[in-house]
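I have a structure here, written as structure tokens, and I will follow up with some questions on it.
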Amino acid sequence: MTHTTDHEADDHFHDECGVFGIYGRSDAASFTTLGLHALQHRGQEAAGIVTYDNGQFHIERHVGLIGDTFTKPSVIERLPGDRSIGHTRYATTGGSSLRNIQPLFAELDGGGLTVAHNGNITNALTVQRELQRKGAIFSSTSDTETILHLVAMSEKKDILSKFQEAIVQLEGAFSLVALTAKKLIGCRDPLGIRPLVLGDLDGSWILASETCALDIMGARFVRDIKPGELVCITDKGIDSYFPFKAQEEQKSRFCIFEYVYFARPDSNIEGRNVYDVRKQIGVELANEEPCNADIVVPVPDSGVPAAIGFAQGANIPFELGIIRNHYVGRTFIQPTDAIRHMGVKLKHNANPFVLEGKSVVLVDDSIVRGTTSKKIVQMVREAGAREVHMRIASPPTMSPCFYGVDTPEKSKLLASRMTVEEMAEFIRVDSLSFLSIDGLYRAVGEVNRNADVPQFCDACFTNQYPTRLLDQDGPDNVRKLSLLANNN
Amino acid sequence: MTHTTDHEADDHFHDECGVFGIYGRSDAASFTTLGLHALQHRGQEAAGIVTYDNGQFHIERHVGLIGDTFTKPSVIERLPGDRSIGHTRYATTGGSSLRNIQPLFAELDGGGLTVAHNGNITNALTVQRELQRKGAIFSSTSDTETILHLVAMSEKKDILSKFQEAIVQLEGAFSLVALTAKKLIGCRDPLGIRPLVLGDLDGSWILASETCALDIMGARFVRDIKPGELVCITDKGIDSYFPFKAQEEQKSRFCIFEYVYFARPDSNIEGRNVYDVRKQIGVELANEEPCNADIVVPVPDSGVPAAIGFAQGANIPFELGIIRNHYVGRTFIQPTDAIRHMGVKLKHNANPFVLEGKSVVLVDDSIVRGTTSKKIVQMVREAGAREVHMRIASPPTMSPCFYGVDTPEKSKLLASRMTVEEMAEFIRVDSLSFLSIDGLYRAVGEVNRNADVPQFCDACFTNQYPTRLLDQDGPDNVRKLSLLANNN
Amino acid sequence: MTHTTDHEADDHFHDECGVFGIYGRSDAASFTTLGLHALQHRGQEAAGIVTYDNGQFHIERHVGLIGDTFTKPSVIERLPGDRSIGHTRYATTGGSSLRNIQPLFAELDGGGLTVAHNGNITNALTVQRELQRKGAIFSSTSDTETILHLVAMSEKKDILSKFQEAIVQLEGAFSLVALTAKKLIGCRDPLGIRPLVLGDLDGSWILASETCALDIMGARFVRDIKPGELVCITDKGIDSYFPFKAQEEQKSRFCIFEYVYFARPDSNIEGRNVYDVRKQIGVELANEEPCNADIVVPVPDSGVPAAIGFAQGANIPFELGIIRNHYVGRTFIQPTDAIRHMGVKLKHNANPFVLEGKSVVLVDDSIVRGTTSKKIVQMVREAGAREVHMRIASPPTMSPCFYGVDTPEKSKLLASRMTVEEMAEFIRVDSLSFLSIDGLYRAVGEVNRNADVPQFCDACFTNQYPTRLLDQDGPDNVRKLSLLANNN
Amino acid sequence: MTHTTDHEADDHFHDECGVFGIYGRSDAASFTTLGLHALQHRGQEAAGIVTYDNGQFHIERHVGLIGDTFTKPSVIERLPGDRSIGHTRYATTGGSSLRNIQPLFAELDGGGLTVAHNGNITNALTVQRELQRKGAIFSSTSDTETILHLVAMSEKKDILSKFQEAIVQLEGAFSLVALTAKKLIGCRDPLGIRPLVLGDLDGSWILASETCALDIMGARFVRDIKPGELVCITDKGIDSYFPFKAQEEQKSRFCIFEYVYFARPDSNIEGRNVYDVRKQIGVELANEEPCNADIVVPVPDSGVPAAIGFAQGANIPFELGIIRNHYVGRTFIQPTDAIRHMGVKLKHNANPFVLEGKSVVLVDDSIVRGTTSKKIVQMVREAGAREVHMRIASPPTMSPCFYGVDTPEKSKLLASRMTVEEMAEFIRVDSLSFLSIDGLYRAVGEVNRNADVPQFCDACFTNQYPTRLLDQDGPDNVRKLSLLANNN
């Protein structure tokens, strides 16, 4: 069953992918299933797993949740082997058809290669057109396939050299896992925009987008893969390479929004615990933008940690005044137009018992289009709140992301076309405040933002992109991804 | 897709059904869909909706979540009409095959009748055998069908009289909605064990298991249907009847566990707000069983309101030390035996950053088999907690429920075979305490429990069942439900 | 997938059902599957099988061809036991929803009973209303369910007496198989309108609609079940009963159209081989309606045996001038209106090489609405035939059948509203002739038709129905089958 | 639903594909659907259609019969445009997974190209390895993809030159249709082994494997595409090219087995009507191998035309003594091992009434493994035949085909390991004769076979292959098609 995504209803930026790889553990596909399940928040639409066993690669790709598709015995049985990579996706560049579900596989002159990728290659279309001129045929619209063709066209001798020659031609954000018959490869782009960690399960190496994918199976966290690093895992152990010579001096620019919303609260990334960062954000927010209210109410579920921090920082009681319907999933289609316009409460309900007569501080992680915020404020008012103040656990989101995050175009971002005062009026709150960019940097442990060379990628707040955006800015930016309209 | 239920993994009592009915509103099926969606927590396995329109009844019954099945335009279009009833179910008496999905429909001599039911009729098998002797043919194994046959066999003249003659022969717990061409009927058993409320949507009458099904569509709460009351809604308005003469003097015995776990926190039942009761439970628990710990951590999601109450009552910080994977749904099949025995963390993960070195009070709503509690405690210890204390927001559950709740047999209830001390050892906590039965009564607003005539049904805690259990206790108690093994 | 039936495209009367039963053979369901496969020409829309094993009945009912549904190991494994009945259906009275797929099952006071039926009970609605008045609830719209309720309501002591009391209240055509825990029952209506044969597979008794269901598994043909006979097969052997006392003197009226079209050519019914009868029909037709043509061309496939007989009788070469596309199945939906009106040749193609410049005799079994005949004649002319003569292997079909055959209403039967000359003009042939009713009787071996008491039911040709048509003629004839519009 | 093919049960050589293309007709996909439906006998497992419309290509590929998959409005609606190609397949080289369903599509530097192919490229693996060395990534295991890569790698300027450069590198049998945004291309290999015809539908050009695909929509047959010819259809008309210079002098070697079995009887190929050839084969067979029997009985359905010819030639009555069950389709799975060994008659039944006591000549088109023949002879004997003589409408099949026909390996061909006498004994007939190779040439209108340069490809009878078999004979012949085990 296709899980239709209602982007309007779920007014957030969305990370697009999670990746996982394991080497040297029998029943590897089962562990990859577990790992992808733990990374399900990074992409719920589809998933794929490849294994290698005894001269052959095995691939399964399915639309739907991991727990609904890859846990069927018939599926797992078709994935033998002790090495495996997997991928879970939201809606990567290239559309949602089956042919775009990763990992992608290619049979090269030297053997099979399969790749799964979190991020977005910002020069993929440019490179793709060059490859097509040389005779390459693309079978998907995924930017990941560009990597396969670069490797295939490389005239280097061995697969590892070919792979390195390929990735240094890429720009943008990419945390990759790749598998050949004898190698599990992981790498991050030179700025380390998306996360990738190394783990160890009783002597088997693991690569995963977040540490929560290690925790689920009791694996040990070893370290983050470094920006620009490529690790190659074989029977003999793990080797580390830094192929991006030119960018050697460039500093890491990890995505700060991973802390705000994308990552799971129990993950540790780049030395920081996500739940703790979010609570600190709440504390900073309470300091920067205090509010003399009766109760602090989170917009569930993503606003909860910051609300706890805010409540502790401001010494105001924390209350669950809004209840979330956990069954709405991503699939509820509002039955008819008539009902759609009634503004029904499919996803949240405000509890009048908690809210009536109260001055309320609502805490949410971000405002994207503002549509959901507006509905929630109205609902809280209808439940009897006397005053509604909103505090947002990040700066205003002004600019789209081109590094593997699903964001609306700039003109649809509320903060790009309104002042904070106008936004407050639009969503009809008594007051609205956002965390400052320096406050956000403080919450992650920095003294403040280094304006010259920021410590993170914060382009969605600042419009300062850390890389070129070649496909976006060049003459090809209106180019269609494919001449093929659909592909079943 | 069938949502396989892993009862072991989800160690709770489960309410088995939610019902909804609406009369006199065009597009009635869409409103029923919304109502059932709001009641999805009362049963996630299957649902059915019946409408009546222009001389014909229309029925759709599907396995799966409302949001996945009834929101398809093709389904809604097959359900025209301005009057409708619906039902969502967990796993009612009678097994899970399609023929048992309610509402059930019968074509009687006087016209069509369709019924949906929340609860369990404790003399259904006894009555069914009697009816079979008279020539009745049952097409399901649902106890609800008994009602249809009693109505069909009644020699009263009009449908309302037949219906009343039928229901007075029933024992047990039942909150029913029924629909004929011209009548929407609702009734509760004489003890009012399961909830049923009356609402009003711009002049259209609504019946629903909980008020959250009114809130989702902006309907107004009118009142609870009274224990033993039957309401009959027609074009001319609503009439109220009390057919259970003999039991007239009997007092209400509403299920107290609805407050502990079954009902949605934002619902108001019998004059009490569920979230508030749960918070009060936490406060009572902090008073009765204090604990000098560093942090209060709820077992998500059901333990959260009581944990907030406990934290406020005990003045200990509230922290989300356990993260729930929202995508586990009800369907994750652990892929292989090997992995099943690893004790992987499919559903919850403990956050070491929050827990390490801390003395922790875990707050959960109840302990059923104890299997989940044991795993959670182990996980919290592995995350580095120095001490783990558990506080349970209800008394020990000693006895199964026969009133429409899915409970394990008595021998599998941990509290029925262990003392609290033994239970503490079994789940390996430093201390374990339950709320007292009087504490629970205080949390719902009573001074204490009236031991002679308790104000609620609390049989699961006290083994005092408020009705006969005829099928259970009589000679027929080992009788097979059906001679038919499966029915596709 | 539902096999949509395009009645227009397949312009024939259609027999509605085949039945099969076997007693005392392990793996009974597999034999029933084979038997129903051999009877697939009697109904292709859906099928059901019930078995009994060790205290329980097991039922599977599926839409689609036997070979696609019942040959799956998972289905067969759910049908254990050494006794079984099965049913394959076209579109019985009562619509096509799943609840109408036979066999039907009922749990009676004395145990389980399951029934499958070929034919049509002409007083079913009348009896059903009477039963509803007594409190019976029907769960299908199948006339077969009437039998179950009559048995359930019977006050006789034993199941066999109940069953006999039930069936003597039925009118119309019925060849039944029924199964209880210990009995396999077969019976035919007093006129024996539909066929039912008894077979023997190495000591296990078999009941089947036609002998081809015996041949497929190498079973021995024992005898036809007699009109009005009920046989009861148990571990002790077979007993024969004649419960229809009143009708004892009535003569058999077997459906003569079974010979013309319904039955499979390799079956023997009532002592006659179907293929041989069809060839004799061709010979009679050549004698009655000779034609001085160059070639005899059958309308495939049903016209082939009569065409062979005609060619031999007339001493004209037999040629396959029309080719049938075997893959059209029953499911081809003409893609668009534009194409539908082009008159494309989805099912047949005429071979110009054979037809060009020739005078052609087309032989077909019958003309119902005439639509297909018209298209075929046009196609043959476009292929270059000089003259087109049509010879029909039966008399004109003037009247609908009420005995379990799907026929259009009278007004749509071409022969009911046109003379033969008008029909010839309508379908644009140079000459058109039908076999005479006496010729048909001669082909089946009679001297001629006994006008007072015809030897067969030939109502579709003569309008002389051998039974009352109570539902049809009475005041209830416009009664809706059900108040329930659809039932998923 | 997958239609599982039971090759054992259907003991024939099988042509592997049919192709169709249309240019300049609105609703092109609907006409392609019709054309493929008429070609369904050339491949029943899966089909695909591509259209081009307004800057985009549209593709649909489905497993199953055309009439079940492509006639759904939702499918046809996704295929807009006035130019289209389509393909229906049996089980081409490369396995049965979805990725191998044709047409295949590639996005080249100069625009989109899609190709569908009937035949087999005998140097495909050799060429594929060379292409992989240059960096090509294959996304299927179909030999057709080789063509796409050759075109993509060509350094010629325009698509037509690239296409010609590509196909002259191919060896083997291929009748192709290809589509670009502005061109419909058709071509046949230099020997014209597989058929391809040109048609005209009211001014729109059509390409199809057989003329029956023209007849179904009333299109006019224009001519056969010539061996080695490439036609290119654009808005300006049709151009003809002969790119295979070197082979210019080589004579046509059309597959003679197309006349024996593959083609539909109503098709005309290379100037001959297939039904007429088959009848002539019967006449030749009666002359060469007369038989003094009572009746001629065809093995249905493929033996029917030759049996008619034989009966006319030998002046013996033609009788349908074996009845075919049309519902067996390709999907019947014999339910259990026990039953499989009973030798049940799933597909055919012999009619004792026709056969008993008779001396019978059975006429079949060919004997491949002999398994089916053996069963049929046994069945005919059990039905009472006194003598059984078999006459085969082709010479003994000794050698496998490498030109796009599914044949068992040589060792499984009965004629490759037995004399005719041994074969007669194996299948237990009283006499067995095959048509001589010269008799077959006479039946198609030649005086006799030209032994030096045979007029047809008859390698399956003579082991004389008209081309090199590079993949087969070279060092790569054991090479795995793919490193990828499965691909969902």
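Which chain is which? They are A, B, C and D, in the order written, and residues in each are numbered from 1.
By definition in this document, contacts are C-beta pairs under 8 Å (C-beta built on N, C-alpha and C of every residue); 3 or more make two chains touch, one makes a residue touch a chain.
Not measured: the values here are computed from a predicted model.
Asks: Return the chains shared as contacts by subunit C and subunit D, ordered by label.
Replies: none
Asks: If you take the mean of the Cα atoms for each chain, which one ends up farthest from subunit B?
Replies: If we average the C-alpha coordinates per chain, D ends up farthest from subunit B.
Asks: At what distance in angstrom does the C-alpha mean of subunit D lie from that of subunit B?
Replies: Distance between chain centres: 62 Å.
Asks: Just curious, how far off is subunit D from subunit A if you go by their C-alpha centres, in Å?
Replies: 50
Asks: In angstrom, rounded to a whole number, how far apart do the mean CA points of subunit A and subunit B lie?
Replies: Taking the mean C-alpha position of each chain, the two centres sit 37 Å apart.
Asks: Which positions in subunit B touch two or more other chains at once?
Replies: Within subunit B, no residue contacts more than one other chain.
Asks: Chain touch graph shape: choose line, ring, star, complete or other and state it.
Replies: ring
Asks: Name the touching chain pairs, would you?
Replies: So the chains that touch one another pair up as A-B, A-D, B-C, C-D.
Asks: Which residues, counting only subunit C, touch subunit B once they are in their complex?
Replies: So the residues of subunit C in touch with subunit B come to 55-62, 78, 105-109, 111-112, 129, 132-139, 148-149, 152-154, 480, 482-488.
Asks: Which of the residues in subunit B end up touching subunit A in this complex?
Replies: Residue list for subunit B touching subunit A: 1, 27, 29-31, 33-34, 37-38, 40-41, 44, 65-68, 70-73, 76, 212, 215-218, 264-266, 268, 273, 275-276, 301, 304-305, 308, 312, 317-320, 323, 325-329, 331-336, 338-339, 342-346, 349-351, 353-354.
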